[in-house]
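There are two complexes below, and they share chain A, which is joined by chain B in the first and by chain C in the second.
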Partner chain A sequence: MSQTTPSAFEPATKTVSPLSLRRVMVIASSSVTQLVRMKTFYFLLAFAAIIVVLMSLNPPTTPAGVLSTIKRISFGTMDVFAWLFAIVSTALLIPKDIEDRTLYTILSKPVRRIEYLIGKLLGVLWVIAVSLLVMYGVCALALWSRETLYIAEELEAMNADARYSAENVGAQIALIEQQGLRPELGIAVLASFLKAAVVASVTIFLSTFASSSLFSIIISVLVFIIGHAHTMATSFWLYQTDNSLFVQLLLKVVKIFIPNFQLYSFSHGIIQGEAVAYSLVWQMTGLTGVYLVVFLFLSLLVFIDKEF
Partner chain B sequence: MVSFFRKIPRTIVVLVVLAAFGLARTPFENRLGEQLIEAKLVVPPPGMTVLDQMGQSALMATLGGLRPLVAGFLSLRGYENFSEKNWDELRQTYQVITALEPLEESHWVNAIWHLGINATANMELDRKLPGFERKRRFHNYAQQAIEFAEKGLEQIPDSVPIRKQLAEVYREKLKDWENAARVYGEMMEFDDAPQYAERFHGYFLAKVPGKEQEAYDYLKGLYDEGEHQHLPTLIFEIRRLEEELKIPYPRRIPEADPDANRARPQKPKPQALPGGIVIP
Partner chain C sequence: MSDLAVKVKNMTKVFSKGLKKSDYVVAVDNLSFEIKPGEVYGLIGPNGSGKSTTMKVVLGLMSPTKGDVKVFGYDSGDIRARNEIGFLPENPYFYKHLTGKETLKFYGKLCGFRGRELKDRIAELLELVDLESAANRRLGGYSKGMLQRIGLAQALIQRPRLVILDEPTAGVDPLGSRQIRDLILKLKDDGITVFLCSHLLEQVQEVCDQVGIIFEGRMRREGPLEELIQIEEQTAMTFSGAKPELLAKVRELIEADAGATIVEEGHPKTTLERLFVSLSHATATEEKEDEK
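Right after this comes the complex of A and B.
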């Protein structure tokens, strides 16, 4: 019975696990570092400047009206920054890795391509989440300070006037509080994050076959706009063309291939003070998860055999 | 099998997966979209007629999902129009704002307030315009405010603030008591209506020629509800209607006219001037 000893020239037979969370996290953290070095967080200064300008405005309306205006503009800006950041940063990451030759180093190691893609996406999502939290913090501080100021002023004015009953005062304060800082606003931030996550997954898919970052950015923005205009364009175009069969078919195709971003505008109602339907929020979160899985799978289909 | 799949061009596989996913998610998304609109979390798309009136920027905002942001900035432009007394532009601004955010009650209320109260007040005071023109514009702005209110109520049928603002236009500017009474009458049907709505309905009904009996019966009904309704204006109106309708004395309300017992302001006693001269 002869026992064979492995030769020094034989290739290592150690199997690489199909998906390692550790490797994914390493790639994600390197993507975060890459994005931070690209000075991406500087856009937070622009956001802070917008908030400062908003706080200096004093439109001739009720305190609740002012708070509502501040809230709508600041959350709207937050939403725009989130999806724009998702598109630009995701579109830049893979081409930058190719340009810097980092991709060759990574893929020559026992790293699976899906791990690379998931890591990149997680890195972008992490930066978006941190940015959104910082922006929310700034916005919450601004809202809270205005709300406290208004409540103190209203209480002082109404208590000094004997015409107002305790009930009147309570109703007025409730009106201000409804437009002020409420825990539900956190769900509005989540809505912006979910939207940005889907946008990032679509962009990562586009960047796997795009020839340049510019192409990915332009196409992603177009997809985003079309995805938002779905519902409105459908009824408008059908109305204009008198329900033409060709237009109906074309719209169906668009609806099938492009994500419906209109659904992700559910932060709008929350900002306006509507009650949060948590079952719908869960469904939206689940839908986002499915979008991420499908677009990562599509990205992998393109990326897996790609020669660099 | 694997080699067969490898032979299929990757683009076709991607398109098939994308189409399959699209077909699977569309019914779910349609249902979810309806539920989100029903829960008032997502704004329904603007109507066709409104799209024609929208400016290019607002239309792009709608397409790009920036509706709340653009509506917010336009609200600031609305305030600017107000401070410049640029009423026609203000109307256009609010047309776009309300098209972008039709479920935001405050936009409708602000539009009615600006046009129905501020613009009309400006026409009452603006001496730079000839009288007939001021009168014409006064009625135009009031009418525009009413149109805003009607559109707003189509969007938010249960809105009390819109009705409150509309009633103010009828009451303060147009002196249209019948419509003021009608709006207060509609308002009192809602749980969040102010307490005065039910009384105001009666007070303004009492001012409409030919509706005095109806107003009397209604106000008397309120009076009969109990002590909490025995308010000075209510008593005053009932007494006035009793006189006007010649209600027999035994059926009249027992309270005296609230104004009758009110202490009359006393003139200061004349002070004697030096030399004992008194000026009466």
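Right after this comes the complex of A and C.
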């Protein structure tokens, strides 16, 4: 072992700040590195392959139909990726740290447990956000290139045919543009991200007391599925009075404790070319924030006194 | 500010085993000990004796069921206490996907280091633990000894006043073990308090000032090492260059005394570890000379 100057050992009495955003970001960026080095971004290659296959298909349908198919499949893939990745990566990160006992060395440093939890969640969300942006970029490029091509082809064909008036041409172009690349599609990506954020916060809560990653994954998927039946549960709760006590209790549990993932399905309309009210987007973002705070708070309640 | 580095007072830790109230295990039972600043304290005991539980409570990873645990006057669960502690776990628990340098950067940042200060600190510690050449390799490819050394570097990253070492040389070869021992002595020289948990008794004997022997969660013996290991009614003398005639005279003198007997006589022995280390050094020196 080599010699060193005495300064290597000089004690330094640093002050410890209360809840530190810096420490949160250190843990978040470490989680990003961990997920990246776990080669999770390979999923993006699979997504790119799906887009390439979609682009090479030439189904016997209208240009608007082709664009709609590209959108539906690619946004569907993005959505599945976002929530599935949120569940699996969140369920892996914390139990892995506990199992590998990396948590010992992290929590023996001046790190608060809430900082650790928020850091892990932010790390997962960071990777999801980047992945969604990349996927959206690829999808947007594919849509734009097809849309431009179709518009040019339609214009050429309709202008050459005397039967079509300028109004007919305009209507046809508008139809293609409605199914093409529109700014509103960004909101559909945001909806997928918000939904993934909520499901990640649910999984992080489950991870704080689950005995294995598999348990967290299974329960999170169940919560996610049940969360899509929220409206059904609510209507049963409100309008059915002859349910058994068990059913009534179950419905109340669903209503109170399970996030309503159905609310995020407004993105389906956007993908089909419908308009969206921006107030709804703000409401959804706000609601997501509430879900995150509630589930992080519940996670902290369990995690703060957890012994390792 | 407390004048003690660690103060454990009447600490009891009970783990429940099941849902029944009667289903529990007492891991540590009314344990008390103190570690003064600058001291090397060794807590020894067999597996399952409560060493790790005690250490985890001092680290704030667990809270005691009863009693008080203070680190430099702060409650062990207080984040300010953890700022004073550097911890080297038995099996280095670090992210295998990070390199040695990235590991130190991660822990350094957690402790509030930034920029040039962090960079210099990392370089200083990598040099200290002799891992400069492996700084950019991922920990997944490190040997046990290298992991232990990078673990020690991360334990020292925030310049802690107390270093807790859990079986620091477990699974490390004799040379690595000697390096870690030297480092502990260096820490001691520099006034850092060391709390060492081990069942490698020879190592504890070499570095510790104070020793506590824990068994089934209770402190059985505690005190300065020299006091604990000396046999009061016996005296040892080691001669060098003594001729047989002189030894015969000494024997005669002892036999002439009614109350004294020779319990043991022979050549003092080195330890296998010392023999191994000296041979390794000799071989290395020969190789260097051959290269010249």
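Heads up, the rule we're going with is that the second predicted complex is superposed on the first by the 275 of 308 C-alpha atoms of A that agree within 3 Å, B and C clash if a C-alpha of one lies under 4 Å from a C-alpha of the other, contacts with A are read in each partner's own complex, and residues count from 1 in each chain.
Everything below uses one rule, namely that a residue touches a chain if its C-beta (ideal position, glycine included) is under 8 Å from a C-beta of that chain, and two chains touch if they have at least 3 such contacts.
What you see is a predicted model; the values in this text were computed from it and never measured.
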item: Contacts of A:S108 with chain B and chain C, given as first, second, both or neither; value: second
item: Partner chain in contact with A:D100 - chain B first, chain C second, else both or neither; value: second
item: Partner chain(s) touched by A:R23 [first = chain B, second = chain C, both, neither]; value: second
item: Contacts of A:T33 with chain B and chain C, given as first, second, both or neither; value: second
item: Touching partner for A:D305 - first (chain B), second (chain C), both, neither; value: both
item: Partner touching more residues of chain A, whether chain B or chain C; value: B
item: Partner chain(s) touched by A:F85 [first = chain B, second = chain C, both, neither]; value: neither
item: Intersection of the chain A residues that touch chain B with those that touch chain C; value: 305
item: Chain A to chain B touching residues, read off their complex; value: 57, 59-61, 64-65, 68-69, 72-73, 75-77, 79-80, 224-225, 228-229, 231-233, 235-236, 239, 255-257, 260-266, 268-272, 274-277, 280, 283-284, 287, 290, 294, 297-298, 301-302, 305
item: Partner chain A, residues of chain C touching it in the complex; value: 56, 59-63, 79-80, 82-85, 87, 89, 91, 93-95, 97-98, 102, 106-107, 109-112, 124-125, 127-130, 151, 154, 156, 158-161, 164, 179, 182-183, 186-187, 190-192
item: Interfacial residue positions of chain A with respect to chain C in the complex; value: 1-2, 4-14, 16-17, 20, 22-23, 26-27, 30, 33-34, 37-38, 100-112, 305, 307-308
item: Of all residues in chain B, those that touch chain A in their complex; value: 10, 13-14, 17-19, 21-23, 25-26, 28-29, 32-33, 35-36, 39-43, 45-46, 48, 51, 62-73, 75-76, 79, 82-83, 101, 103-104, 106, 110
